[in-house]
Structure formats: C-alpha cells, structure tokens
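Shared chain: chain A. Partners: chain B in the first complex, chain C in the second.
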Partner chain A sequence: MNMPFFKYGMFGDEVSLIVAFVIGIGFGFILERAGFGSGKKLAAQFYFTDMTVLKVMFTAILTSMLGVYYLSVIGWMDLSMVYLTPTNIMPQIVGGLLLGFGFVIGGYCPGTSCVSASTGRIDGMVYLLGVVFGIFGFGEIFPMVSGFYNSTFMGQVTLPQFFNLPYGVVVFLVVLMAVGAFVAAEWGEKNMAKKAGAKK
Partner chain B sequence: MSTLVQTSETEKVKSVSVPKPYWNPYLSGIGLGLVLLLSFVIMGRGLGASGAFSSGIAFVLEKIAPAHTNANNFYKEYLGDGTKSPLKDWLVFEVLGVFVGGFISGALGGRIKKTIERGPNITDRKRLMFAFIGGALMGIGAKLARGCTSGQALTGGSVLNLGSWAFMMCVFAGAYALAYFMRRQWL
Partner chain C sequence: MKNLTLNKKLAFIAIALGFIGLFLGNPYKGNLLSMNTKELSMIVETKVDHVTVQDLADWIIQSKMDFKLIDIRTEQEYNEYHIPNSENITMTSLEKADIPKSEKIVIYSEGGIHSAQAWMLLKAKGYKGVYILFGGLEDWKDQILFPKLPEGFTPEQVAKFEKTKEISKFFGGTPSVGGSADVKSETPKMEMPKLDNQSGNKTPDGAPKKKKEGC
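Right, the complex of A and B next:
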C-alpha cells in the first residue's frame, strides 16, 4: 500500500478537488450529527453542562491518531509525506487564546459555523460574516504584524521530537490523557445535572 | 405547577417538529476521526475551514484592488503565482462540502430551522452582535495561529504537531477564562 495516495500520484489536482468536496460532505454531516450546528450546545462545553465538544474532539483525535500511527507501523503509510504545519509557538499561543475568546463570545468555530449557517441558524450566518471581516482585517494589517506572525519559528516539529520520546510512547500518553478526560467529563456532567436538579 | 408547564411546553415542541436526537458523542467522534483519517490516507493532509475563507477573500480583493492585493504577502499566499484561480483550492471545495453535508444531516434529522441560538437572558440583537464579534476574533486568531479548530486542533492534534497541541490548550484556556463574563448570553 502506498499511502497517502495523492502524494504517490495516484490522481491529479482536478480529482483531488472532488475528493475535497466528498470529504467535506462527510465532515459537515458528522459535525451536524454531533450537534455542532447549535451554538448553545457548543458553548455549554464552557459551563461544564454538556461536554460533547471535548468528547467528540478527543475521540476524533484518538481515532485518527491511532489510525495514522498503525498504518505507518505496518508500513502502508509514509508518515513523512503527511503535511505538518510548521510551528511558530508565540503567534499560535496568542492565536489560540483569541480563538478561545471568539468561541465563547460567538458560539462557534469556523467549521461548525458553516454547519450552523446551512441548517438555518441566523447567528451562524452572522458569525461567518464576522470571520470574513476578521480575516480581512488581519489581511489589511498583515504588513504591520508580519514580524510577530513569523516570530518564534520552530519548523515542522512533533511532540515526540520536542520531548525526545518515541512516537508510540506519545501516542500512548495521549490515549491515557483522553481517557482521563472522558472519565472526568462524564463525572462532571453527572455532578452538574445533580446540582441543577437540587436548585430546582 | 411546574409539571403542568413542562407538559404544555413539550406538546408545543412536538406539534411544530420533532428533531431527532444527536448521535452519541463518542460515536460522532469516531466518525469524525475516520473522515479525518480518510483525508490523511487519500490526500496526505487533514481537514480545515478558515483557509477557505482566506482564499475567497483574496479572490474577491484581487478583483477589486489588484495592485493592493498583490502587494500584500498574506493575500499573495492564497493567490499563488496566478496560474490558477485561488478558488480552485482543496480547502474551498472541502468547505463547500461541509455546508452541503451539514444541510443533508440537518434535513434528515429534522433539524433545519430558521432560528437564533442563544440563552434566555439575552436579546436576539445582542446575540447577533456577539456572534459577529466572536467571528471576527476567531478570524484574526485563526490566521495568527495558521489554522482553526479543524486545521490545527483536529488535524495537527492527531499527527502530534507541537504547535497544534499548544494551540488547542490555549483555545480551551481562552474560552474558559472568558466563559464567566459571557454567561448571560448562554445560561
């Protein structure tokens, strides 16, 4: 097996756009199935009343991480051919915080707002306008912020490389952490439900 | 009294439409993970969202103000060398699919509804204002971080990208830090 197929030239750019569209349909379908078209459900994550965001995100990361890892272990997939966004640690930390603010203020992230808008949510549509405005604003001030944007460059670096641990060990640690988070989430939801019940 | 109110409320909901329940979160997560894995296997890249909007913006601006747009390195990255349209881009097509997929799932589940998602203690106007501000912050943040929840957290997260994990922790930290001040919007 020569994975990723596209990198081995099994099909060209035109076909890759069809693949993109089909994968996007799957992505949007699942996001909506999970309840991510609803800003209320997404925001509930940050009030510990509904931990669906955490559960879905970490289950997805585990599934995909384990899949990629085992496909590379059995030699079907060349992990070095999978695109890795280079790390610029400071802009990514600041960007992450801004994104977190935007998430709890706006109720969505860019992907989920598409699903929200396409299922009729007005706030999702307005949020998308906000995203477009924000990106446009960033683009216009880019010449002024490009210094910070390109600062603290670390290149393509993974957690195993950074902590000097074998890849499999980090995979195992992520699984442990995720399972811990699931247990905490289930416990937290039950606890919050009890509290809400007591208040009534 | 409270039971009486509850029954009348459930009846009202039933008479309008009966949206089917969402999937179990772990099942949705496995589904989402498999879509992402498929993207890695077929394309050697993961999912994304915000990048598609950048391409769209660069495309429109180039039509309106070509000199201004081409002089800006941020837009230039999305415009490429000019040999092909910035809209013939992988993420643009993927995000079009996201709209379609979300609509299909919503339609099958009876969840298409023209509504505004908000808590009971905020007006529609204010909620829409916050939606716009949140979106704008997200747009800036996603560009600064070189990706959003899908491109960085999900995609980078599952290939153990260092920057993606730092980013993901900061998203949760930022959202929890501000949650208290936003409670009137949601609770």
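Right, the complex of A and C next:
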C-alpha cells in the first residue's frame, strides 16, 4: 500500500478537498461527542477537576503514533513523505503560552470553538469571531514580528533525532508517558472531586 | 482480563505495542536520502558527469565492458529501439534496482531531462560513478545513426564525416550529405535500424560478439 495517499497521487486536489471535508466532519463530530463543545468542560482541565482533554489528546497521540509507526515499519507507509512542521523553539513557546492563556480565559481552542459555534453556543461563536480577528490582526502586524517569528530555527526535528535515541525506544517512552498520564489523571480527578465536594 | 475496564484493556494494548516497537527499529526504512549538495553542484558545473554520444559509440565499438548502459525509457520504447548493449531499467524500478554501488553507470533517455533526474536519484542513493548520455537518444539519432554532412562543407568536415559515416554504418544508421548533388536521388532513410540486425550487437566481421567475462 502506498501511504500517504495524496502524496503518492492516489487522488488529486479536488478529491483531497472532499476527503478533508469528510475527515473534518468526523473530527468535529468526535470532539462534540467527547464533550469538547462546552467551554466549561474544557476550562475544567486547567483546574484539574476534569481531565478529559488530557486523556483525549494523549489517546489521539498514542493511536496515531502507533498507527503511523507500525504502518511504516511494515512498509505500507512512507514516513519520509509526511510533512513535519519545522521547529522555531522560542516563538513556538510564546505562541503556546498565548494559546494556553486564551484557552483558560475563553474556554476553547481554535478547533473546539468551531465545534461549539456549530452547536449553537453563543460563547463559541464570539470566540470564533475573535480567532478570525486575531488572524487578521496578526497578518497586519506580521512585518513587525517576522524577525522573532523566524528566530531560533531548528529545522524539521523529531524526538528521536533530538535525543539521539532509536525510534522504537521513543515510541515506548511516549506510550509509558501517556499511560502514566492516564493513571495520574484518574487519580487526580478522584482527589480533586473529593476536595471540590468537601468545599461544597 | 474480564474484570478489566475497556480503558485498562486499551492501555495494556498500547503498552504491548509500544514494547514490541522497542525491537522494530527505524520506521524510515532508508527512504530518506541524503546528498552532498556541494559535491553535486561541482559535478554539474564542471560537466564531468557527461558522456557524449561519440564517446559512447567508441566504447561500444571497442567492446568496452567496464560500464553499465541503462535505458530508463518505457519497456515499449526500449523494444522499438535501444542503443546496443543497453539494459532497460525504468525510473520506478531504478529506485529498487540492485546495482552495485561501485559500478560505472551511463544513463540515457529520449532527451536529457529524465536521465538527469535518474542521475540525481542514483547519486542520492550513494552511487559514485553515474554518467548521463549528453543529449540522450535524440543526439544519438542525429549524430550517430543519421549524421548529415552540412551544406557548403569544408575539407576538414569531410574528413571528419568519413569517420562518422563508418560509425553510423556500424550501428546500422544512414549517413547523408545535406544538399549535395550526388546523393540527391537517394532520399535519406530515417528508419530506425532493426534490432535483430543491428551491427552494434556483432563484431565488424559479423560474428556474434562474445561477452567479456571477468576483468
């Protein structure tokens, strides 16, 4: 099998839009079903009372990592054709913090704000409007921040390259980390719920 | 296993898959190629990777066997005509072809673009001695199979053409003299030489060429 399908020309640009649409609908549907259409549930992650976000994210990371790794190992997929976003470490840390603040304050990240808006929540729609204005504003001031935006460039770096570890070891470590996070999240939820209950 | 929740079962599957992954190694499988771009640009600039059709014709006539001549066109095109002693390896099979890295390789295609792309591919895969037939089959046809003595020729050109004529005949081609009176009656045949009676596959006296073995 030749994966990634698009890069191998199994379908063209037009069909890729249809594929993206179908996958996007599926993604949005799953996010909504996981409860990610509610800003309260999402923001609860940052107070450690509801760890759903962490669990869903780590489940997604594990599933896709194991899937991609095994498909490549058995030769169904050419991993070298998968695009890696280049790392600019400082701007990405600042950008991550900015997104985190927005997440806690507004209760959504960009993807979940779309989900929320489409279910008719007004806060989601306002958030989405903010996202659009933010993109516009960033575009306007981009010449002023482009120096910082392109600074500390590290290229397309992966964890195995960065830590100089074999791929299999990194895969195993990420699995351990994720499962550890699940266990800690379950434990934390129980304790935080008790505390929250005691307060009431 | 029955008293485990679904979450716990999934977690165990993930741990098991991760653990097996420890022993499976690199998922990139050698598809990632690296190139010495400085070396490549030097080669391209100095054109040392070029082989002219005259050189190639001389090598074939002299039965030089120290190189591998690869035709990267399609099988059908190869069957219609190919340069004697060439081997048909298409672009996609070239990627997987099992050619020793030390081998001297001459690539040709119809023009020059495909062979240049194949050259890049082989270079990236670590082949050292890769050469391109400059001008490809088009130059081979123009200068070897159907050479033309230009109109208003000088004595030097005639002397040169005598040699070209011999080479052309060796490969079953049809040399012609452009605009000269004595060959006017005979229009130059631009038919490609048939593969079975291509003289390049034989020694000049007609006996089938014996492949040299060893060094």
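As a convention for this text, the second predicted complex is superposed on the first by the 199 of 200 C-alpha atoms of A that agree within 3 Å, B and C clash if a C-alpha of one lies under 4 Å from a C-alpha of the other, contacts with A are read in each partner's own complex, and residues count from 1 in each chain.
Basically, a residue touches a chain if its C-beta (ideal position, glycine included) is under 8 Å from a C-beta of that chain, and two chains touch if they have at least 3 such contacts.
A quick note: this is a predicted structure, and the numbers were derived from the prediction, not measured.
Student: Chain B versus chain C on the shared chain A, clash or fit?
Tutor: They fit: once the shared chain is superposed, the two partners occupy separate space.
Student: Which of the two partners, first being chain B and second being chain C, lies in contact with A:V68: first, second, both, or neither?
Tutor: In the superposition, A:V68 touches chain B and chain C alike.
Student: If we overlay the two complexes on their shared chain A, which of chain B and chain C does A:M192 touch? Say first, second, both or neither.
Tutor: Neither chain B nor chain C is touched by A:M192.
Student: By residue count, which of the two partners contacts chain A more extensively, chain B or chain C?
Tutor: B
Student: Go through the superposed model and pick first if A:A181 touches only chain B, second if only chain C, both, or neither.
Tutor: Neither partner.
Student: Between chain B (first) and chain C (second), which, if any, makes contact with A:L165: first, second, both or neither?
Tutor: Touch status of A:L165: no partner.
Student: Between chain B and chain C, whom does A:S113 touch in the aligned arrangement: first, second, both, or neither?
Tutor: Once the two structures are laid over each other on A, A:S113 reaches chain B alone.
Student: Quick check: superposed on A, how many Å separate the nearest Cα atoms of chain B and chain C?
Tutor: Distance of closest C-alpha approach: 6 Å.
Student: Indicate the residue numbers of chain A shared between its chain B interface and its chain C interface, in ascending order.
Tutor: In chain A, residues 59, 62, 68, 79, 81, 167, 171, 174, 182 are touched by chain B and also by chain C.
Student: Touching chain A in the complex: which residues of chain B?
Tutor: Within the complex, chain B contacts chain A at residues 2, 22-23, 25-26, 28-47, 49-50, 53-54, 56-58, 61, 72-75, 88, 90-106, 109, 111-119, 127-128, 130-154, 156-179, 182-183, 185-187.
Student: For a test of understanding, state which residues of chain A touch chain B in their complex under the given definition.
Tutor: Listed in rising order, the residues are 3-7, 13, 16-35, 37-41, 43-47, 51-52, 55-65, 67-68, 71, 77, 79, 81-89, 91-124, 126-140, 142-143, 145-146, 149, 154, 157-162, 167, 170-171, 174, 182, 200.
Student: In the complex, go through chain C and note every residue touching chain A.
Tutor: 7, 10-11, 14-15, 17-19, 21-29, 31-32
Student: Please output the residues of chain A touching chain C within their complex, sorted ascending.
Tutor: 59, 62, 66, 68-70, 72-73, 75, 78-81, 166-169, 171-172, 174-176, 178-179, 182
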